[in-house]
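Sharing a structure, written as structure tokens. Questions coming.
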Amino acid sequence: MNLNFWLPILMLSSSLFTGLIIFFLKEEKVGLRTVLNLTGAVFKVVAVHYMAYRLLVLDQIHHVSFSMGLGFDFALRVDFLSLMFLALSSNLWLVTTLYAVGYLEGSPNRSRFFGFFSLCVTACTGIAMAGNLITFFIFYEFLTLATYPLVVHRQTREALEAGRIYLWYTILGGTLVFVGVVWLQVLAGPLDFIDTGALQSLGTESHFSLCTIFLILIMGLGVKAALVPLHGWLPVAMVAPAPVSALLHAVAVVKAGAFGIVRVVFDVFGRDFAGSLGLLGPLAAAASITIIFGSIRALSQTDLKKRLAYSTVSQVSYITLGAAVIAPFSTVGAIVHLVHQGIMKVTLFFCAGNFAETLGVHNIHQLKGVARRMPLTALLFTLAAFGMIGVPPMAGFVSKWYLGLGSVDAGSSWILGVLVASSLLNSAYFLPIIHAMWFEKPVQQWKTLRQGLLEAPWMLLVPPVFTAGAALFAGLVAAWQWSPLGLARQIATGMGIYP
Amino acid sequence: MIWIAAVFFPLVLAAVCMLPGACLRAGFRMIFLAPLPALLLAFTTQGTAEFELTFFLLESRLGFGPHGKTFLLITSLSWLFASLFTALGPRGSLGKRSFCVMFLLTMCGNLGLVLSRDAVSFYTFFALMTFCAYSLIVHSKKDSAYTAGRIYLIMAVLGEGMLMAGIITSVFLSPSHYFDQISPALGSLSPGHPVFIFLFAGFGVKAGLIFLHFWLPLAHPAAPTPASAVLSAAMIKAGILGWMNFFPLGLVPFASWASVLMTLGLGGAFFGAMAGLGEREPKIILAYSSISQMGLMVFCLGLGFLDQNLWIMAGPVLFLLVFNHALSKTALFLGIEVMYSVSVSRGKKTWTAMLMAVPALALAGAPFTGGSQAKYLLKEVLGAAALSGFFSWVISISSGLTALLMIHFIRQAASAKKHYPCYAGRNMTWICLVVIILILPWIFYELYPRNRIQWMDPLLFTSSLWPVLAGLAAYVILRHKVYPATREIFGVLPGSAEIIDRTWHHLKHRLKTRGVMESLSARMNLVRFSDNFVQSKMVQKISHELERWFRSWSVSVFLFILMIITIALMAWTGA
Amino acid sequence: MPELLVLIPFTAALLCFILKGVLRSLAALLGASLTFSASALLAADVYQNGAIRISLGGWDAPLGIGLSADGLSVIFLLLTAIVGLMVSIYCVPFFSGLHEQPLARHFWSLWMFLWGSLNSLFLVSDVFNAYVVLELVSISAAALAALSGTAASLRAALRYFLTAMAGSMAFLLGVGFIYAQAGTLDMFLVGSSGGDGPLMAMALGLMTVGLIMKSALFPFHFWLPPAHGEAKAPVSAILSALVMKGSFFLLLRIWFNVFQDSSLTVHAASVLGFLGLFAVIWGSYQAIIQSRLKLIIAYSSIGQMGYLFLLFPLVLTTVDAAWKIEAWTACVFQAVSHGLAKASLFLAAGNLIQASGTDNLRSMRNIAGSLPMTTFTLALAGISLMGLPPSGGFVAKWMLLQSILASGQWWLAAAPILGGLLTAGYIFKILSQAFVPGAEGACCKPVCFVMEKAALVLAIFSILIGFRAEEVIFLLTDRICAANPGGFWP
Amino acid sequence: MNLAFDLLVGLSLVWVAWRIVGSRDHFQAVVLFITFGLILSLAWTRLQSPDIAIAEAAVGAGLAGVLFMDALGGLSSSPGSPRPAVPLTLLFPCLILASIMAIAVLFVPEDFLGLIPVVHGALTDTSLEYPVTAVLLDFRAYDTWLELGVLLVAVLGVMGIRRIGSISGSRLPAPADPVGRWIIRILLPIMVLIGGYLLWLGAFAPGGAFQGGVVLAAAGVMLWQAGHPSLGLLPRLWWIVLLFCGFLSFLILAFWSLFHSGRMLAHPENKLWILGVEYAATISIATCLISLVLASPGRCRVRDN
Amino acid sequence: MNSLLIYSITATSLFTIGLMGLAAHPNLIRKIISLNIMAGGVFLFLISLAYHPDDPGVDPVPQAMVLTGIVVTISATAFALCLARRITEITGSSRLEDKPEDTDS
């Protein structure tokens, strides 16, 4: 039973089968459903860590591929980059499941919710482990389908409207990626993520079509990575319940887009070849515009989750920016920001969810003096917010640090300007919230919707503590070999970029 | 191990304070223990020790820089006295959890800042200190405190932004992110390089440079007394420390930067003193006096820039100035509190006024005090830099002005009508602080044996005495007119703080109502565009008409025949 | 034994007319399962040892009529068998309900006749025989469509029947022209004899337009939506999944067997290509703006049929044989997965209508709660129609786009791309209704367990074939009998 | 001489067709259609295909005429429909189509023999002498079988539309004038006799299953016109047997030949099988046609089964 | 101009006239009549091919085809007529699209 073959499949099937079983569970069987959910999640986390051990220490390459008879084969390959995204999505899945169980206490249609929830995570695992662009696309589309029911879970009118807009964008993105992938296959034949050099061998006459393919792919992936003109769905999708907006719209879906861009730039085209084609300049410009635009839009939002959504729009483009700058540091920065942004953003959404669930607070003005009532959540929110701003002890600083170094290294210091401006803008829209929470007097009498041991049910508090701790840990011990930064450095050296 | 304790012991205490009830009270009482490990470290280990923290924050390293030891001594001393003062004082507003925790966190940030030898941990502790200081400023929850806090935060964040840019560029330019490699690397750059501008501006905000000082006069009165004491004594010095760490002092002569620093320094010195005169609130006066003293230090730093070996002489002078200012400013701030608490009996009040005069005179550079020694040495350096003519005269005038300001301060403090409860313990700490200020020159000798001066030298005595006397005389003459005259001359500059506040509110208001780019993003909504087209009545009507047109027989037969003809002909032409 | 495929359904048809009640359903089910197993056996046989050519009554080609079962016909036979079996299983409870009881007798006999004629259509190798079988298919289909008895359905059935008759007449005239030129009626003999004269051009024109009329390509699609919309659910499933494919199969036979080597077909192919493109866009767009569920699905059939007609320009213009196979597989996959998905969609729609009583989309409110199985079927079928990854539709769209890009006719790419988007438009228009909270009072009559399962099995099939592409490619490449050994790929 | 006759027939055919399309009155159109059928059977005789002439006369003119007349009776007698709107735009493409087809026809090879030699060559080893019947019943038996299927499906379709199980019980009021009744009483035996003779003749001369069946159907319809229920008299089971016997015979033949000789629809040696199949086909054609005519007028249904 | 030509040209013209008739009249009966005319035209074309005045006689295969065609056409016509009558009974009008179809949403 050679594990190299079975482990990836086990990874995929663990969440897939839990999802399918939960689908057909009766609504009342809460206990069984939670147990199933958590065992699936724990199993996956254990499997990821075991696979990490095998990959990093025993240097075993996990490779699964069986042919679909269409001239390409369905390949799953676990390398460092996919391991990173896998670790992120599986750990956060465990945490978010716990949170979701607490959050959706007593709400209807939970079997459907958790069913689709695990399907989404299967899609994310698939995206992470995809061995070639085609498998990536298959899971990319699967993700769209699995997330739609979650967005419209509340079945209110705006949820449906949000779902429709979400679908409109993601299906458009999916089609674009589809066209790009097919055209690439027609031009260069089936491409695995390993042989990055294959595209250089094509003659110069196909350079124009390669550029258009790159443009189409980036636009397709940009929809999910919320690049500016295509980001419309993200703030609208905030109408979904908190665990959905936490794991999916801040981590899974958005990261899938960013991960896709990183894969396309580094593994499909190869960064130097893409640079020589002159593609990375405009990509960096687009990412910077998104960063600035996202932050400015966040300033004017009064709804907390909308503000976080726009901040996600700007933060995710750091990854694209990092990928677009031809410098070893920025590559490391991009890869490590993949994880850091995930951890921090999830904490923010958890806290927002807690405020909304226990006190019914959605608007920023209502947040005044909330720290008195919910000090722990407020503290976690502050920590994560400082992380987003890029204040040193937190993880956000490390990635900004590397991105900054990379941009100066590549000689385009205007990117450093963009980073600093975005940090300023971040602080402009996060600090007032922190100020209001800690130092203002509450404006209205708190009506507690949900009673719990501490300030809120314990299930709503443990996950944010875990993720905030992880964010702090990733920042404080960044130099450690197995910390996200350490992993990112090994990825870059693996790619032959980092010295 | 002592290194970790020095920096992270306050964190441990803060954690204790976080716990409910009894722990908070115990923590509050033990708050003064926090700086002790740092003080111990300052005394025991020798000057150039280093301590690797490989795990922490990208392989950070703690240690004493070229002058780290003295800085640590200064900061830990001022933190010690401030925390002693709070610990022994009433548990009321200061006993709250938010104050204790934030106070300890700021202390940890400050101590870590002094000790860190690499850019990343330096920036970390710098940020920690800045943001926790904010909570100290707005502790009193009054509106004025909030505005002060907001302005402080805006300027601090802008400073941090510029600092980040500067640090990243400088770390990139140097082989690694350790200071002992950064400063030589920066030395090789041309003076006009943006990294210098960023660093200068970044630390300038913290050091209260002339045009970046707006937050200082607002922050100090708002913060509780021990906090503002530490704010002006220890935290402002972080700016100076930052410059010393990054800039290639003693390695490369930067004539241009030297002149800039010197002019700004002097400008700050004069402006601080003059503006202080126009204020009534004792704390604001002290804030302005900090600005003027910082101006003096910047001037001394500027001197250091002129020439490598000049820095060797100017270094100790700078540290003496820093040491003297730190201790006396702490004493003065705490003295206000003591003054208010003893205002009951007339006798006691005169005693405190007398005691208050000691730090004031030290600041002004009266004979037999640290201040005079520092100024004298400064003149020596000026002499060495062949600039002694005009500048030594200017220095003396500034000491005179400072003396005038101090007298104005003592008068205002004494005449204040506030009655605080009197705590013996607090008064005792204040008194021993004043004693330390007295014996400061001798402490200085242990630190810097080389520049020993002869006390009894008549020249030294006269040069430090006449400015004080002149200040006293000026005060006696101008007593009545002093307040209104300076008010409107220097009223303009504090006004500029309001400008920042108003712009911030205007910006937020505009963002909220119209929302930036609202129309832009609304227009870009692809989905609404497709809805308008697909669901629009006109398009649907056309499609229904077309559908019915296809359904009619004549059309379908016509198309039927047409298709047969076309395919037959196309086939025929193909053959 | 291809003959069995024709005999069994006809015997079952006669039995169903005679027997009553339970016996009738038993006979029908027996007939359906026997036909299914016969076509499965035939498929295995052809897969193992190649295409089968038999001549009926012992008379050889020029005189007698032959039956030919090669890779292409076997795939369509399998499609008919699966859909037929599932629809029959669906119809047993459907027609045992009180309301539908009197129709049962007519439905079962007509349906068995239709199934038998479809099987013989897929085995056809004689041109005149094709006409007779086509006529048999049209009459039985029109009769089935007219079964629901409402004015609208009768009107639709008559309009369908008249267009079918006009089409058959044109087809027969085409047969006449072929006979005039080649002197024989067997497809493969005519193909091998070649002949590019005006007669054959005329024949091509007439036959192609006749068959386009019957398979509802763009300009002649008007009769389909009312016919499929008004008919009973299983009937409309049969009509749009199978009957349309029948005339398309015949078109393939004619273009690629009868006119195999002739250069007639090169230019005419682009006409069909453009019509296919318009059909995709027009059909899908119309589907979006309909508000009745069955009409949406009917118009989507027009759209999806458009994809099939893209085959002609792709195969006849590209030079490289490898990309031809790609185009062929794409078209066959699209036909099969569309057939399965469309049948399951109509059956699911039938369940919904039976549960909620009305065909209106708003009646579908909150069905996720009451009919979870049907929602799941709708979702699966939708995925296959939209061509999202795990499904057969995805494989079809993938290979279609690939062959389009390889063939250089990039304007055809608009079909899979734009078509895919528009399809997503109307599929999610249906699916999103499932999440809308329904009015509390909406009564939801229970739907028989078997009917939901039948629809679900079809949907699952349309997803599963996505994974078995090799066998289909093998069938299409090595198991094709063509007029001369040059075979399909000149 | 033949040329003139052909021209005459061709032109009259086209002229009658044009008049049918152009006429405003439906009744006039039906009558013209019947004359069109008769002229057409004239053309068939000219082209030396007698059995088609018989079939055309009996079916094209006779039965179709009856059906149309009956249908017209049922229609709302809208006096004159507006001028037939033949849109001019349609005229032009029709002309082009007709001319293209005419040109194409010119290219038919002169010595076009079609399948004559092949058929004559194969006639020896079938038991039938007359080529047309041989082609119909032996060489292309499959076509005939399917064609019977079409007929059967048409009947089932009509039953489905009328929602009736059988045609028993449909009666027309007896014709008033005695002359009509007397003609029918004389003509009926003659027509049955002719039908039988045609059927028997088919083996070696023009005639056969189709012609016999069609003539018998005409007799049945005439009987029905006379108010007699004709086939309606039969009990439902008998009616079904008669209806299915043609199709069933072919089915049994197919099964038997498939399992016996492995070649479907191959007639066994002795002649009896083919004759049996032929007779069954005739009967079922007659029954189907009669049922079609009887079942279509739905209004005077007595009772549903 | 042998007889083959005359008859096949009349056949094609009959076919075309039949097509025109289909489009000319909204009335259903007239449409079915024109369909029969088209059928007549096609059969005439088939038989005109089979006719050889002298040598081997008439080709039996087209005759068989026409016979089958005639029976198919009559059954189709009967079925269409029954449909038309049923429509007229229910809707009272013998046309297909006089009132806007209920297919419009």
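Letters are used for the chains, namely A, B, C, D and E, taken in the order the chains are written, and counting of residues starts over at 1 for each.
Going forward, contacts are C-beta pairs under 8 Å (C-beta built on N, C-alpha and C of every residue); 3 or more make two chains touch, one makes a residue touch a chain.
Keep in mind it's a predicted model, so treat the numbers as computed, not measured.
> Would you mind naming the chains that touch subunit A and likewise touch subunit B?
Common neighbours, subunit A/subunit B: C.
> On the document's contact criterion, could you list the chains that touch subunit A and likewise touch subunit E?
Intersection of subunit A and subunit E contact lists gives B, C.
> Please list the single chain whose C-alpha centre lies closest to the global protein C-alpha centre.
So the chain nearest the centre of the shown protein is A.
> Taking contacts as defined above, which has more of them, C-D or B-D?
Result: the pair with more contacts is C-D.
> Could you tell me which chain lies farthest from subunit B when each chain's centre is the average position of its Cα atoms?
D
> With centres defined by CA atoms only, which chain is the most remote from subunit A?
So the chain farthest away from subunit A turns out to be D.
> Express in whole angstrom the distance between the two chain centres, defined as the mean CA positions of subunit B and subunit E.
Taking the average C-alpha coordinate of subunit B and of subunit E, the gap between them is 100 Å.
> From the C-alpha centre of subunit B to that of subunit C, how far is it in Å?
From the centre of subunit B to the centre of subunit C is 79 Å.
> So the centre of each chain is just the mean of its C-alpha atoms; given that, what is the distance between subunit C and subunit E in Å?
The mean C-alpha positions of subunit C and subunit E differ by 27 Å.
> Need the CA-centroid distance for the pair subunit A / subunit D, whole Å please.
About 74 Å, centre to centre.
> Of all the residues in subunit A, which ones touch at least 2 other chains?
164, 172
> Give me the residues of subunit B that touch two or more other chains.
Expected reply: 551, 554, 556-558, 560-561, 564-565, 568-569.
> Hunt down the residues of subunit C that sit against at least two other chains at once, touch-wise.
128, 132, 135, 139, 142-143, 146, 154, 166, 179-180, 197-198, 201-202, 289
> Chain pairs in touch?
A-B, A-C, B-C, B-D, B-E, C-D, C-E, D-E
> Note which residues of subunit E are touching subunit D in the complex, please.
1, 3-10, 12-21, 23-27, 29-30, 32-34, 36-37, 40-41, 43-45, 47-53, 56-68, 70-72, 74-79, 81-86, 88-89, 92-94
> Please output the residues of subunit C touching subunit E within their complex, sorted ascending.
Interface residues on subunit C, with respect to subunit E: 128, 131-132, 135, 139, 142-143, 146, 151-152, 154-155, 157-159, 161-162, 165-166, 169, 172-173, 175-176, 179-180, 185, 225-226, 229, 289-292, 295.
> What does subunit C use to touch subunit B in their complex?
163, 166, 170, 196-198, 200-202, 204-206, 208-209, 212-213, 219-222, 262-268, 271, 285-286, 288-289, 425
> List the residues on subunit B that touch subunit E in their complex, please.
Result: residues 544, 548, 551-554, 556-558, 560-561 of subunit B touch subunit E.
> Subunit B touches which residues of subunit E in the complex?
Against subunit B, subunit E makes touches at 19-20, 22-23, 26, 31, 96-97, 100-101, 104.
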